[in-house]
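Here subunit A shows up in two complexes: once beside subunit B, once beside subunit C.
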Partner chain A sequence: MNVLVLSNLYPPDFLGGYELGCRQVVEALRDDGHAVTVLTGNPRQPTPAEPNVLRRLRLADIYEPYLQAITSTTIHAGRYVEANGIQASNVYVLIETLREVDPDVVYIWNTVGLGGVGLMATVQHLGYPWVMHVMDDVPRALCSLPFRVRPEMAAAFARVLRGRYLCCSRTVLREIVAAGFPIAPQAEIIPNWVTAPGTPDRTEWMAEGHLRIVNAGSISTNKGVDVLIRAAGLLRDRGLADFSVDIYGPGNDPQFPNLIRELGLDDHVRLRGLRTQSELAEMYSTYDAFAFPTWEREPFGFAPLEALAHGCLPVISRVCGLSEWLVDGMDCIKAERTAEGFAAAFGDIMQNKVRFHELARRGMQTVLRTFHLSAIYPQIRKALATAANSPREAAGSPEDAYRLALLAERMAYAMVQDSLAA
Partner chain B sequence: MDFEFYNVTSPPSGMKRALIPFQRMARRVLRPMLHRLRDLLTLISQKQSETADVVACLQGRLNFLEAQTAKVTSEHKALELDHLALMRRAAHLEELLLQSLAQKSDAAERRIPSLPTLGSVESSNGSFRKAS
Partner chain C sequence: MPTVAYLTPLYFDDKSCVGGGERYPQNLALGVALASRGRYKIEILSHGPEALRKELHPNVTLRVMPTDPPRHVLDAVSWECLDAIGSADLLHVHQAYTRSSEAGYLTAKLHRIPICVTDHGGAGSKVGMGLNVVDLVDRFVCQSDFAARSLKTTAETVLIKGGVDGDLFRPPVERPTRDRVLFVGRFLPHKGIDRLIKALPSGLPLTCCGRPYDADYFRALQKLAEGKSVEFVTDATDERIRDYYSRAWANVLPSVYRDYYGVTHMQPELMGFTLLEGMACGTPVICSRVGGMPEFVRHGETGYVYDELEELTQHLKAVSSDSVLVERMGRAARRAVDQEYDLKVCGSKLVAVYDELLAESAAVGRAAA
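For the complex of A and B:
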């Protein structure tokens, strides 16, 4: 197969698991003998050139907190149009690349920042079959023009864009459908994966009875870092003090160090800063439990799976994307997303009320057998091959597509201007 | 005559004095009605206060039920997700089992030599030859 991958960012420039996952699948496809070209956004920092990775698309970085803080509502709204709706210049680049590569299938990842709706509409207009890998509610984000989903936009999105969707969980699919995108008939659910070989020969947990808890990801209340810190406080107050919590990730929100100080947990909870994925992978086998008190709308989360591959047992929120893949009491522990709930779960581990070693060992085997990319990849390849074999029906020429893009861009700006003036 | 009741400022005199018997009569006639009205209003006030207590109690129960419903909904959601995970795992394991059984039966088929036909005879080296 000849595959064109579209993604807003591509490692080494990345934000999280979405982009890292994209690279892993691209490598798997190449290893399997497929020709893969990646078309992605301009990197946010200098990156070395790579063969078949074209960093040509203009990225409207709406994730940059500094720009979010200093721009006015009007400018911010304009950036949303560029990021989510359409950038005619990116449509032009895409048309040129499609002409160059002439792929059998276009494999779309996160296109927020590139004018994703415009790019997807162009692919559809030119009759290329496409598959979108959904690891977040990207369709909803793309149709937020600006700040909220316009129902007419959502309906048009689902009606016009007739590709296939690979969603990482039913949770994220339901969220997208509930936001007004009836994509379920075109969707297939494929879980996220690990690529690491793990530590299958691990035999030791909780050395000297000390529970070592780790958390990695963005440090925010959405990810439940405050819940974790408060849970640590409750554990210590109950006399179960033989534990430590290490939190890795980016974030400079002062509320978390303040909370640690306020609760007097400096000896137990440490914010350890950002680490690379490979550094974390090396460290997971030195921890016993991975705390994941994330919010309900978490689509999946790569980190707990990666930790489990190294025998670091996830203690996760009962309701989140990952909880529809791991089984409570078999290969993870699920807890109510409260400090009390997580403290109780850790307390049970420390008081040997759960068969921790057994769970960790079984979980590790499950991940390496069921969630390894080698097990997931055939499903991805099949979905791409099915799409590639579907008939091409172009609605118009590349020139038409570009003219429409220019028109749509102007109309989008006019609509946003009108809605802000109203 | 007792004028005390009407003696607000000064004893009535003249025409006002002539009105007093009528006023007294009106008072006699109206008094039981006013008493009844007072009783009714008191009763209504009591009932209103009782109703307010009942409403507060019901509001408390409603809040409790809402909290319980939210908890049960959340637990139901958690159970649903856990069940889904379990079903997916069972399906995956079943698939692996079937694959493994299929592989095993292929291997077994390869190992079993073709069955001798009726009338064949085993030779001294273990091979079969057609009986003469």
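For the complex of A and C:
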């Protein structure tokens, strides 16, 4: 197959698992003999050139902290239009790239920042089959023209854009459908994966009776870092003090170090800063449990799976995307997303109320067998091949596509201006 | 049954606008419904402050989509358009250059729905004009040669002249005495009503019937009319207008390229809809040689076309003093409507256009599959 991949970021420029996953699948496709061209955004830092990776699309980086600090509603509204709705210049680049590559299928990842609706509509207009890999509620984000989802646009999105969706969990699919995007008939569920070989020969956990808990990801309340810190406080207060919690990730929100200090947990909980994915992978085998008290909107989460591949048993929120895939008491421990819930789960481990070694070993085997990319990849390849071989829709002209993009862009700005003036 | 969405920024009602450009889509919709004998369903989509949906005729509905007041009266656009147009099989846009029409082009193209456009000369948003968006159109339906010549597009053009409701506007069973000159239309400077008042022969009564959409101009007209027998009627119903047509020696449309204030209008009249209404009522018509109007008036047979105001004065004297001439011209005018300009005649031509567009669209889909 000749595949064109569309993604806002592409490693080494990345935010998290979504982009890393994209690169992993691209490499798997290439290893399998497929021709893959990546069309992605201008990198946010100088990035070395690499073959068949075209960093040509203009990225409207709405997550950039400096730009987020700008308080002008008008500027934000304009950036939302560019990021989610339409950037005609990116449509032009896409048209040119499609002309050069003429792919069998377009494989769309996260397009927030690129004017994703316009790009997807262009792919559809030009008659190329496409598959979108959904690891977050991207369709909803794309239709948030500023600053909320337009239900009419959501309905039109689903009706006009007739591709396939690979969703990492039912949680994320349900969320997208509930937001007004009836994409379920076009969607299939394919879980996230690990690529590391793991530590299958690991035999030791809780050395000297000490429970080593790790958490990695963004340091935020959405990810439940506050829940984890409070759970540590409860454990300590109950006399279960032989544990430590290391939290890795970006973020400088003072509430978390303050909470640690306030609860007198400096000896137990440490904020360890950002580590690369490979550094984390090396460290996971030195930990016993991966705490994942994330919110219920969490689509999946790569990190707990990666940790489990190294025998680090996930203790996860009972309701979240990953919870659909792991079985409580078999290959993970599920807890209510409260300090009490997580403290109880850790307490059970420390008091040997669960067969921890057995769970960790079985979980590790499950991940390496079921959730390894080598096991997931055939499903992805099949979905791409099915799309590539499906009957093509009539192709509109590139000239019309670009003219429509220019029209949409100018109309969007005019409408934003009117709505702000009203 | 295929649904044709008629997208028009304003609709024919006092809550929106009472003008030919608004009555015309409504008449075409009726014409298509009648001529196709129920093969097509028409949904007229327009905008206003309050939502409204009502059946105007079997298979013809009006749907008003709520919007905030736009900056320009023709630039209202509702998010509901996405669904309303996306659910249709064909889009017929009325007014080529408005934000409403731009939204229509975009939505229809994304949904792969064929687009047909009739321009009525109104202009709101400049975005589409700068991008030649009319080249996205599959067919232009023009109401006159003049309208067709005014277009700057590579799109295919079809000429369908007329669209008057010959059942609503018809000669009376017993014609009352003809006793006046008549103007019917919006009181706007490009209509040239000031010129008609100026040319009006002494002693001849004139009834000006229409909505005063320009208060300054209306005041100017009232001042010009002082000392003359001029009546302004601003709230007439269709029934009353029909009565005025029946009582008139002639229905005059004196539109101008350069108006009372010196402002130039490139397309003052693409057709002159009230001319056709008068003709349908068996009343002669007189028009200036402006826009598309002369194409509808057979000089000396159904009425007169004039260049100079003196000619208008002479024609008004002629019709007011020769009842035989008036009746003969009136009958010829009605015949012309029956044969060429009635909405059923136009509807049948338009059905052929829609059939062709839908067949083309289906063929493209089949070829791709």
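Everything that follows uses one rule, which is that the second predicted complex is superposed on the first by the 419 of 422 C-alpha atoms of A that agree within 3 Å, B and C clash if a C-alpha of one lies under 4 Å from a C-alpha of the other, contacts with A are read in each partner's own complex, and residues count from 1 in each chain.
The rule we apply is simple: a contact is a pair of C-beta atoms (placed from the backbone, for glycine too) under 8 Å apart; a residue touches a chain by one contact, two chains touch by 3 or more.
Here the structure is a predicted model, which means the values were calculated and not measured.
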Touched partner set for A:395, first subunit B, second subunit C, both or neither: second
First (subunit B), second (subunit C), both or neither touched by A:411: second
First (subunit B), second (subunit C), both or neither touched by A:327: first
Of subunit C and subunit B, partner touching more subunit A residues: C
Which superposed partner A:31 touches (first subunit B, second subunit C, both, neither): neither
Which superposed partner A:152 touches (first subunit B, second subunit C, both, neither): second
First (subunit B), second (subunit C), both or neither touched by A:403: second
First, second, both or neither for A:170, with subunit B first and subunit C second: first
Subunit B/subunit C common contact set on subunit A: none
Subunit B contact footprint on subunit A (complex, rising order): 170-171, 318-319, 323-328, 330, 334, 336, 366, 369-370
Of all residues in subunit A, those that touch subunit C in their complex: 121, 124-125, 127, 150, 152-153, 155-156, 159-160, 391-396, 400, 403-404, 406-408, 410-411, 414-415, 418, 421-422
In the complex, subunit C residues that touch subunit A: 68, 70-71, 77, 79-83, 86, 99, 102-103, 105-107, 109-112, 125, 127-128, 131-133, 135-136, 364-365, 367-369
Contact footprint of subunit A on subunit B as seen in their complex: 74-75, 77-78, 81-82, 84-86, 88-89, 92, 96
